[in-house]
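As written, the chains take the letters A, B, C, D, E and F, and residue 1 is the first residue of each chain.
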Amino acid sequence: MASRYFFVTLFALVISQAFGSDPSQLQDFCVAEMNPQVFVNGVVCKNPNAVTANDFFFPGLDKAGNTNNNLGGLVPPHYHPRATEILVVIEGTHEVVFVSSTNNQLFKKILNKGDVYVFPQGLIHFQFNRGWTNAVAFSGLSSQNPGVVFVANAIFGSNPPISDDVLAKAFRLDKKTIDRLQAQFTSGN
Amino acid sequence: MASRYFFVTLFALVISQAFGSDPSQLQDFCVAEMNPQVFVNGVVCKNPNAVTANDFFFPGLDKAGNTNNNLGGLVPPHYHPRATEILVVIEGTHEVVFVSSTNNQLFKKILNKGDVYVFPQGLIHFQFNRGWTNAVAFSGLSSQNPGVVFVANAIFGSNPPISDDVLAKAFRLDKKTIDRLQAQFTSGN
Amino acid sequence: MASRYFFVTLFALVISQAFGSDPSQLQDFCVAEMNPQVFVNGVVCKNPNAVTANDFFFPGLDKAGNTNNNLGGLVPPHYHPRATEILVVIEGTHEVVFVSSTNNQLFKKILNKGDVYVFPQGLIHFQFNRGWTNAVAFSGLSSQNPGVVFVANAIFGSNPPISDDVLAKAFRLDKKTIDRLQAQFTSGN
Amino acid sequence: MASRYFFVTLFALVISQAFGSDPSQLQDFCVAEMNPQVFVNGVVCKNPNAVTANDFFFPGLDKAGNTNNNLGGLVPPHYHPRATEILVVIEGTHEVVFVSSTNNQLFKKILNKGDVYVFPQGLIHFQFNRGWTNAVAFSGLSSQNPGVVFVANAIFGSNPPISDDVLAKAFRLDKKTIDRLQAQFTSGN
Amino acid sequence: MASRYFFVTLFALVISQAFGSDPSQLQDFCVAEMNPQVFVNGVVCKNPNAVTANDFFFPGLDKAGNTNNNLGGLVPPHYHPRATEILVVIEGTHEVVFVSSTNNQLFKKILNKGDVYVFPQGLIHFQFNRGWTNAVAFSGLSSQNPGVVFVANAIFGSNPPISDDVLAKAFRLDKKTIDRLQAQFTSGN
Amino acid sequence: MASRYFFVTLFALVISQAFGSDPSQLQDFCVAEMNPQVFVNGVVCKNPNAVTANDFFFPGLDKAGNTNNNLGGLVPPHYHPRATEILVVIEGTHEVVFVSSTNNQLFKKILNKGDVYVFPQGLIHFQFNRGWTNAVAFSGLSSQNPGVVFVANAIFGSNPPISDDVLAKAFRLDKKTIDRLQAQFTSGN
């Protein structure tokens, strides 16, 4: 069995390239200038006179992403600080889960081909391949720059690391376990 | 040959059901109350205590839409007054075109499987099946209520109709042609 | 009879010069820098220390605009992708019409001196001089850069042109008529 | 000489009735429900099915306003907490002035027929009839509910009144003068 | 030693009661109606005619909060999905840390009386009492409803729980440890 | 007796340095670039790669501000055009007052240690030390650039000055008194 997740990160990139619609648009379009000399909240735009149809185009979502990792069909718990996500299942059986910020209520669904699900902005969620085939889905994110925080990586793999006494207390684990987790998540193993 | 377009309207419905993200979210989620007693700018929300996982779920995007119409593989020129659209091609060869509001500049691209394209908010665009197979794509729209104005229908099929002397002058057609168009677009033929 | 429309474009220019209020203002004012070195969503501002009272001033709305065109008292069907318009009649008898995006419902009114009308953002509308005198009105637009799409020009006069097979199908006209319209709208005749 | 100012308040009313565009519009239009049962930030909307062309219409800007007051051609210093104002002069000679919040810099201009001026949101401004004829202008305000604070009335005519020891200290006037001003502004004399 | 944190939750409550400023204000104020019959994005407002000075008032920030918990001077890792936080230290020595969403970069500072720190919206952060006295701070949050997600509680204490096979894989812990953590965080021990 | 007000201006500075949250954030943070070469609505950001923990840090709120002025414990009537203010009392007895824009209704409260009060955006307000000790409070403002207009200074101390005939009429004072006030407020005495 080779359970997999494709495209999640890739697709965010597409939107971030050409959407520019978080605040109201004040012109027909703002194509991101990729080498800005000036930094603003969001992207600086390319000169509109230099924009062509290719700036609205992104190929390759029919190519499988690289699934050579040790997660085995799990997009682990994460959240997008600046975007709601909408997911369409292309193939496979997906468990989708998010947890609300009110009483940590969990919302869960099993999705199959043609099913759509929404993960509200800022809430922790994950997708898990619960079937025996590849799992493929497209994700749309409602921001030019949604951001992504993988919870385990932010907590145990930050640079520099969080003090292990803080993490031991917060996660009710002994320091030795914390140190082992920090070593693993920091090295990217 | 049976060229077709699927899902465009359908998908907009999904987003309109559960997105609620045009203005910043002021709570975890706002699921649209479908029978509101009060009208506001946008949707009134369901009582959050009555929300379940099904409110974030929409099935059926694997079912072909009804293409039994006389447009023959064309989603005719239209615009969304309140949303940018992002389109992912699942199958077929699509001509995608939009016209900017500055000098009526036309942006055009031929898309195939796995290609993505963006139509900026408020600009007239269309998709046309340029191949010999079905054309299938998913569209995401950046608003809970994107709206759609099909140009020919709004101009020639409004209710009540626009005076034919106005349309004859604006479109440089004789009144008889205008009357024929109005009859066709009004009846939905 | 010389029916005319004045000022519509002119007035939009004024607002675009000094308003800067689409998103919330984050400073007292943002006067548009007319030769920007950097492009953002909206305008870059002049150095506030160089701003004078003249930056908030625009003269000449008492001068008649140029009405030497072949439209004969019609501001033809168009929409503003980024602004609601409010119109005050100064002189003459004006037919004002807009079409909603819901069922193409038409809203129509005859206006005389002192009457005010509102065209909602993104909806197709037109003004027509229904009287025997000049028709003069002031229009305010709710954006620094409202944009304007004249429907017939965007459809038949884009650069490069839309394929005539698409337009013939969408507008239910034969290709010969489409070609004649494209020739006329492209040349600006 | 009968110097006068017309329409300023009147025109704000028009916009407040039908604009509804401060935040992005999430539907074609939101016509204010005048007898709301529920209060939200801004207006509750009429049921869209009950909206007619008259909801976008406001007559009577050709009728002179009532100028029977003791201000003699002055719209005294005031500001709009939620709107930028754009003013078009129809008749007369107007002194227009605003004061920025940075170093209290004053911006001043004399306007005549056809001149336009902009007062930025939240800054104190006034208009004064500097000529020997009526002064007439139209004002557009960039909010459904711009608000207006006439400075002298808010300071000396609040209900209940501000303590006279505070005002004496803040305005460097003796308490007796403060008491006289409070009596005048409170009674509306 | 009794290290403690006060007021964080309490202060959020104050802002949520009367701020109403996430989107632009469309009226002088919107005081939250605490028993709404209708749900919108954010709060429904009290009838403005019923608003008094007490609606803008909140007492008691001089009273120590209840610190009778098992966290021992730690506000454990959490984030606010809808608000940036600004913190002013009143007493004690505070370690403040947040982790960015770009490469999990950690930003850390030791704060003492009179120091101010900012935690950007949506980023995981914590405060830890690094001294031998009480630690007291005031926190302001930039939303009427900032939300708070305590990471360990959302992950290990959701209701219903996340499958232990998912958590074991995501956090690289054995299922037995996961089960123990879930038991602890769910019971609130 | 030495009644005093501390920190109001100081604290606004802190927020203006690092908040950047008036519109939705489109990235983790935008730290203000203090020597911008380009001007936009709001601040230009520092290169995110150059940001350190110190950019989120501001010390010194435990130091008393300079109260060597002639206002004697009064923060005189003023308003913030772009921010709501929330105030926490640290020490002393404070009279807090604001005046609404609807009928100039006055809202007043006496605050003591631990009390919180909110001044809505754009409304005239003041704080007065009504006790016999120092009065200390922290103020948070909901904008990166709230702005402040001290009413008496804007009216009587603008540069250049407002014509004394306008002020005499608006404030019902004789020109001699107006001239005296203008001399005082202009010189900063």
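To be clear about the criterion, contacts are C-beta pairs under 8 Å (C-beta built on N, C-alpha and C of every residue); 3 or more make two chains touch, one makes a residue touch a chain.
Being a predicted model, the structure only gives us computed values, none of them experimental.
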If a chain touches chain B and chain C alike, it appears here
A, D
Under the touch definition above, the chains in contact with both chain B and chain D are C, E
For chain A superposed on chain D via Cα atoms, how large is the rotation, as a multiple of 5°?
180
Which chain's centre, taken as the mean of its Cα atoms, is farthest from the centre of chain E?
C
Could you let me know which interface, D-F or C-F, is made of more C-beta pairs in contact?
D-F
Averaging C-alpha coordinates per chain, one finds the centres of chain E and chain F separated by a number of Å equal to 27
Expressed in whole Å, how far the mean CA point of chain A lies from that of chain E is 23
Centre-to-centre distance between chain E and chain D (centres being mean Cα positions), rounded to whole Å:
41
Give me the residues of chain F that touch two or more other chains.
23-25, 28, 38, 40, 42, 48, 81-82, 101, 108, 121-123, 147
Graph of touching chains, which shape: line, ring, star, complete, other?
other
Please list each pair of chains that are touching.
A-B, A-C, A-E, A-F, B-C, B-D, B-E, C-D, C-F, D-E, D-F, E-F
Where on chain F does chain E make contact in their complex?
11, 14-15, 18-19, 21, 25, 28-29, 48, 52-54, 56-63, 84, 86, 88, 90, 98, 100-102, 107-109, 111, 113-123, 138, 140, 142
Please output the residues of chain B touching chain D within their complex, sorted ascending.
22-23, 38-43, 81-82, 143-145, 147
Touch list for chain E against partner chain A, complex:
71-72, 74, 76-77, 79, 81-82, 95, 97, 99, 101, 103-106, 108, 121-124, 126, 128, 147-149, 151-155, 157-163, 166, 169-173, 177, 181, 184-185
The answer for chain B against chain E in the complex is residues 20, 23-28, 30, 33, 37-38, 40, 42, 44-48
